[in-house]
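Letters A, B, C, D and E mark the chains as written, and numbering starts fresh at 1 in each.
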Amino acid sequence: MLICKVVKPLVSTNRIPDFEHKHLQVVLDGSTQKVAVDAVGCIPGDWVICVGSSAAREAAGSKSYPSDLTIVGIIDHWDPEAAKAAAAGPPAPNPATPLSGGQPAVVGQISTGGRTS
Amino acid sequence: MLICKVVKPLVSTNRIPDFEHKHLQVVLDGSTQKVAVDAVGCIPGDWVICVGSSAAREAAGSKSYPSDLTIVGIIDHWDPEAAKAAAAGPPAPNPATPLSGGQPAVVGQISTGGRTS
Amino acid sequence: MLICKVVKPLVSTNRIPDFEHKHLQVVLDGSTQKVAVDAVGCIPGDWVICVGSSAAREAAGSKSYPSDLTIVGIIDHWDPEAAKAAAAGPPAPNPATPLSGGQPAVVGQISTGGRTS
Amino acid sequence: MLICKVVKPLVSTNRIPDFEHKHLQVVLDGSTQKVAVDAVGCIPGDWVICVGSSAAREAAGSKSYPSDLTIVGIIDHWDPEAAKAAAAGPPAPNPATPLSGGQPAVVGQISTGGRTS
Amino acid sequence: MLICKVVKPLVSTNRIPDFEHKHLQVVLDGSTQKVAVDAVGCIPGDWVICVGSSAAREAAGSKSYPSDLTIVGIIDHWDPEAAKAAAAGPPAPNPATPLSGGQPAVVGQISTGGRTS
């Protein structure tokens, strides 16, 4: 799934009937603007998870919905600067040492509170 | 979905029978030209929404239509310059502050009139 | 769909049985060489339409054929230089004005003779 | 499949019900951060195999799970520096000569112990 | 389909059961390393055809196998240098003139011996 930032709603009056009246959002995937179906109710500025491929259809509500990019979740906390640093930074010298050990995580907050196992 | 600009119709006389006689349009995805099946009736110069992946098939009319890129909607208003500025600009300092608040949106017109909830 | 140029046939004697004896062509997608199943009978130098994703399978003859890129049509006329110019050129100042109006189309020949509506 | 490095868990409280409570991980695909469903139980720093496309759904547990990127395996040993060298290095002068012959492999450890035939 | 070079087998002991014990190979797609399921029995140094998308699953043996990249054939002869030259070279001045005519093909060997029609 992609990590995107919501830019603004998109208005397309002339569209195929299968698209129904679902909300469309312009999202920023890196520096590229794409259009995603909004399945969670997000607002401009939100950092969201976008799912593509055939999974975008079920995520948008039904197996026959013609979406190839659907917003499926809003990220609780996302710091793009920290993320960029992590992406540009050197790989960990020993991949066998998890970042969650004695070494502080380099990217954002590690929060496991919301997870279930 | 991709935001593309329609360039011109494409003529391909020698094509597989499954392609039928549907209109094909050359569209510009960034700086790359692709071919999309036209399901809305657009004209050169239109800014359109193109859906890919397996969703392109249903969008073109049937589950067995062999399209991987289908034009599913015409965008009411699209300002590529504003869009470029937004894409190149710095991210909002605080992602928790929606752009639709006191801060003016940096990209194009925010129009919610056409949306239903 | 992609606009590709056919380079040459590809010979792969050791292949999975599902691939059968269908013709494979090396095609140029921009500057990247890919392999496509030939469903139309093209020759080196042809400019062709290639369909990807799951649609490539049906286009190659059956829902279970393992292709992810199939040549589905030969383009009647394609001028890559004009196409490059269009891709590199500035966007129309007013997207609401279709190029097919008083302004001549900037890319290639607009031919609608082969289309049906 | 992609070779990615696990960065950290991702918390998204507001997500579509179909996403259930499965673990989501931020992974690094080259220099791009993506989100993957964790089907193996990995930890930050692990090098993992991520499967995309429609296969990501079954890999996440069911045909209707809306994932387009699922972590399906943890790589036993992965040396990103050796991998980079291999990717940047010149191609073998004679592709007909397998690297496993008299010529030492240029990338990492060739281990076949875990394979079955 | 992609033209890739086999780098080495990949060992992943901790993987999802659906992956079974099929061979995994690290392959080089341009300068990016990916993981592919080996359905033909190739060795490091081989130039192979890799199929992606949903077709990778059937190619790996069954519709439910969770692969998004499967090696489906070994290329008989592949000269990456000639291929690079073709990719970097200028397009044919007249696309209507097939390269197989009076003009010698610019890329590798054109062999049609293995094809059926």
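Points to keep in mind about this one:
Operating definition for what follows: contacts are C-beta pairs under 8 Å (C-beta built on N, C-alpha and C of every residue); 3 or more make two chains touch, one makes a residue touch a chain.
Bear in mind the structure is a predicted one, so any value in this text is a computation, not a measurement.
Here the C-alpha atoms of chain B line up with those of chain D after a rotation of 145°, rounded in steps of 5. Rounded to a whole number, the gap between the C-alpha centres of chain C and chain D is 31 angstrom. Once the centre of each chain is set as its mean CA position, chain D and chain E turn out to be 19 Å apart. Among the residues of chain A, those in touch with two or more other chains are 52-54, 56. If touching chains are joined by edges, the resulting network of the protein chains shown is one closed cycle, each chain touching exactly two neighbours.
Around the ring, proceeding from chain A in the sense that reaches chain B first, the chains are ordered A, B, C, E, D. For chain C in complex with chain E, the touching residues are 5, 7-16, 18-19, 21, 23-24, 26, 28, 31-36, 43-47, 52-54, 56-57, 64-69, 78-81. Across the complex, chain A is touched by residues 1-3, 30, 39-40, 49, 51-56, 58-59, 63, 70, 72-77, 83, 86-88, 91-92, 95-100, 105, 107-108, 110-117 of chain B.
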